[in-house]
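In what comes next, subunit A is part of two complexes: it sits with subunit B in the first one and with subunit C in the second one.
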Partner chain A sequence: MSALMQVEGVHRAFSVSRGLFARKRTLHAVNGIDLEIEKGEVLGIVGESGCGKSTLARILLGLIPASAGRIALSGTDLRGLDRRVLAARVQPVFQDPYGSLNPRKRIASIVALPLAVHGMGDRTEQRRRAIEMLERVGLPARLADNYPGQLSGGQRQRVAIARALVMRPEIVICDEPTSALDVSVQSQILNLLMDLRQEFGLTYVFISHNLAVVEHIATRVAVMYLGRVVELAPAAEIFARPRHPYTQALLASVLTPEPGKGLPDTHLGLAFPDPLDPPPGCGFNPRCAYARAVCRERVPAFSEDGPAKAACHAYDPTFGKEFA
Partner chain B sequence: MSALLSVEGLTVDLAVPAGTLHAVRDVSFEVARGETLCVVGESGCGKSMTALALMGLLPRNARRRARRLVFDGVDLAAASPARTNALRGAKLSMIFQEPMTALNPAYTIGNQLCEVYRRHKGGSRAAARERAAFLLGKVGIAAAGERLGQYPHQLSGGLRQRVMIAMALMCGPSLIVADEPTTALDVTIQAQILKLLKDLQAEFGMALVLITHDLGVVARIADRVAVMYAGEVVERGTAAQVFAAPRHPYTAGLIDCIPVPGRTKPGERLGAIPGTVPALVGTIEGCAFRQRCAFAQPACASAPPVHADAGHEWACVRGAA
Partner chain C sequence: MDAALPSRSSVLRSRILGHAGLMTGLVLLAAALVCAIFAPLLSPHDPYFQDLSARLVPPVWHPRGDWLHPLGTDNLGRDYLSRTIYGARVSLLIGLSVMVVSGLIGTAMGLAAGYFGGRTDMVVSFVVTARLAMPVVLVALAVVALVGGSLVVVIAVLGLLKWDRFAVVMRAATQQARAQDYVAAAKATGASTFRVLLGEVLPNILPQLVVVATLEMASAILLEAALSFLGLGVQPPLPSWGLMVSEAKAYMFFSFWMIAIPGTALGLLVLAINLVGDGIRDVAAPEGRA
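Up next, the complex of A and B:
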């Protein structure tokens, strides 16, 4: 089966100023990522702030180019693809429903904008389709002529979803779509995203820092740390048996509403990762309880372990013995 | 033993262009010495206003009233601003959500830590620095002497929140009010910071009022819980009571909304609370949750009775199950 989207060795570096007179530094936000996104799956991408997950989202959307590597959509390189062709097939839903909607436009025209850009139908037709999609995402047609400022956070996120779906894309990149919402609203939006996936046969890339949410919605999960994917596995597998020590810590840190369980000890120490100054070897080694000499020297490659892949020397046939 | 903090009938009204916003409506709770009370609710439920009302830090357009607001034998409702100032930062301290905005970017960590101490306890600069270095060590910051000379922007978010905690501890408070202390932090850092708070609490014997929207945090850290909705406490009890047998439909609905690995089945629909929070401007009658409640009945249009069962209380027409 060929993948809907292929990501091969993608890098993205930014030049970062650290003050007026200081030398510019290079930040490797995304540092060599290989992924295949299969049709119909929900690929969850988890990681903490600064791990490069949002940069990856913007690269997949074609909003920023990769510094190196190749991304292909059904086999066609993104660089050779017209911006509008790409936008018709890959659409975003962003975290902040306050910042991602134009406050001076009415809801219906926000949702109809992609249709207008692609010259699909006349104005009446565009408006009709926009309202149809608004109703599909659970917004009454009477809100069509309101402004975003008159809507609640959850309603705005529904508008963002309607705008993403109005062109009937194949892939929707959701970047922390529920992180700014209250829990009762979050569950409404998650239910909606799951329904829409069924109805329109969508493929999602679902980016979140919330592991419990990703477990609920994803079929496959990629865990990112300092610009790299450190573990890739089917969702059920990653939660049943996390391989990478970082995945284990992340999973231990999920505070489920179970009183009496107390607070977990993550064994992580205080070495907070600095993306501008990543440690040599495995990026996680300063916080890792199992780190050995090899972890400080070599960047681990992916090792397969059952259905999962982990970038950790402990699973490497050559170095694994040291961890026994 | 009498409670450290006793709040009865706390009300906060805000003057807004549209009229009067009833942010906190007749809220009552008690906090015993050394205990952790979590106030949980969604945005706009009045939990932060409750925290600010306790601290005497409400915005100017707010008016606070209470039948009783007593902290450690001092009547806060009647206390002069000078008396409140003397308590705040000393016996009663606060940790805010965003350590970057709560710390002054123009002063070093050491400066800010020492200022609190010298203002309340006096003494020499050296004594204050010694206390600051001691507490930075306690909150897990290595090379404390060096850190004292650094500015907030030189620290990561997790370290800044540790500094905030050290600052709250400077004068040996008996109560810390923490408003969403870990919401701005990464999940792994959140677990570390909460554990640190809990350990320090055990070591120094302070009480903690923790304001949060995160039921997971509540379940893991609270001794007792107060659930707020639309400015009111709708349910309170021990963490075990509230999570094992939530009695108010809002609490039960909220718990059903969150995916829990191992309990909710992946891909299945999550529980949802239909509708949105009512506006709190103008007069509010009856149960504020009734428009969203699956169990609503005509009686809900008048103020719901409060039921109690072994310290577990809830305000709903539906009594014991």
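Up next, the complex of A and C:
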């Protein structure tokens, strides 16, 4: 089966100005990413702040162009096509439901915006479909003429989901959709997303730094570090047996509810490296407990280990024995 | 739960009515508008009619004043009340026209600079800086010297010169709005740049736009008065408050009301516009946010 969305060698650099006379520096926010998103899956993307998760989300949504690489939907290259071709099939749910809804528009017109942009139906038809979608996401139709300021955070996120789904897209890119919400509301939104996935046959790209949420919702997980995917594996596999040292550290960093255990030791002594000046070789080598000479010289390629793929020299048959 | 929420218009109404400054400004501005629109009905005399036998008649509260000319007459015997009422026409016409012309230019420039950033921003910022380097009064003087002064020339000169504050404020406001996720969400629906700008960005920067517009209108009215006072604005015998002050200055030690009356009218109108602008800024919080 061919993938629904193919991401090949996608790269995004930002030019960072550091004052009037300083030379401009290049920041590689996303540094060569290959992913295949299969129909119906929930691909979790995890990583710490600054690893390029959100930049990747914006590239997938067509909000910023990739500096290099290509993105294809069902085999059709998107470069040079009208942005609406992508928009009809890929829609976002953003993190902050306070910022993602225009405070000066009524709920019904916010949800109907995609229909209006794509010229689907007349005004009454658009409004009818918007209200229908509001009810699908668990909001009463009487909220249609309210403003976002009159809604709670959870209600607002439901509005954002309704807007994303009103055009019946195939892929929904959720960029930390629950991290701005109260814990009690988070699970409601997650369950709603899961129900809607069943109902509409959706594919999710689910970006989060919350591993518990990803474990709950994802079928496959990509771990990102410094603009690269360092591990890609089925969700059950990644949580049972993490391959990459960074994934291991990430899983060890999850706080436990047991009192008296203290903060977990992640062995990540050093801070996140400066993305403007990444370390040579494997980006993770300064923080890695197993780093060897080769890690400081070569960028590791993906090595398969069972159902998982890890970009780590320890799993590479050529260098692996060095780590034994 | 929505039964407990007061409707948006009733919230807005109570906010407006509770704002003393805004109400004062609105009442004064309404009075000026009524004067301007219904000038022929309200003025007791023809503002251009000269009665040389009744020159420099003082206002009615003066011992020598009478009800025939409630605010007296000027040095040519023209009824001062009528001229003051007609003067509101010139001031408001110039204020509104200049506001519209400069507002369109400045808002377009500010939106483009703030939204696109980069090179567009650099070009717009340079043009704004270049414009700020030109003194309005000197440029107006040069233009009037070349083509002669008239109402249309004053509107054109001020309208084409006073867009700088619109551009600067709209640029900053747009930069702020552009970074919001609702703009990203609209773009992700495939909306055109034009639609994003007019449908998503503009409604959110409208309060700032209204405030700048009122300030610019007030300043245009003052500039017109200044230009007319210098003889570079609208030309006699058109009744402009600036021109009336100018004509009265020769008599200010003997007939002080001639300078005080148009001066007071000018001051009250500018005060009213500024009060309205400030009031709108206070009242126009986004819907549903108290």
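Side notes on the structure shown:
We take it that the second predicted complex is superposed on the first by the 316 of 324 C-alpha atoms of A that agree within 3 Å, B and C clash if a C-alpha of one lies under 4 Å from a C-alpha of the other, contacts with A are read in each partner's own complex, and residues count from 1 in each chain.
The rule is short, and it goes like this: a residue touches a chain if its C-beta (ideal position, glycine included) is under 8 Å from a C-beta of that chain, and two chains touch if they have at least 3 such contacts.
Quantities reported herein were computed from a predicted structural model and do not represent experimental measurements.
Residue contacts after overlaying the shared chain place A:L113 against subunit C, while subunit B stays out of touching range. By the document's definition of touching, neither partner reaches A:R136: not subunit B, not subunit C. In the superposition on chain A, A:L63 contacts subunit C only, with no contact to subunit B. Applying the stated contact rule after C-alpha superposition, one finds that A:A252 touches subunit B and leaves subunit C untouched.
Contact with neither subunit B nor subunit C is seen for A:K53 once the two complexes are overlaid on the shared chain.
Subunit A residues in contact with subunit B (one complex) as well as with subunit C (other complex) do not exist. Subunit C makes touch with subunit A in their complex at residues 2, 5, 8, 180-182, 184-192, 195, 199-200, 203-204, 206, 286-289.
Residue ranges on subunit A touching subunit C, taken from their complex, read 58, 61-63, 82-88, 90-92, 94-96, 99-105, 113-114, 117-118, 142-143, 146-150, 160, 163, 167. Those residues of subunit A that touch subunit B in the complex are listed here as 48-49, 152, 154, 182-184, 186-188, 190-191, 194, 209-213, 215-218, 235-236, 239, 249-266, 268, 270, 272, 274.
Residue ranges of subunit B in contact with subunit A, taken from their complex: 42-43, 140-142, 156-159, 186-192, 194-195, 198, 213-222, 239-240, 243-244, 253-264, 266-267, 269-273, 276.
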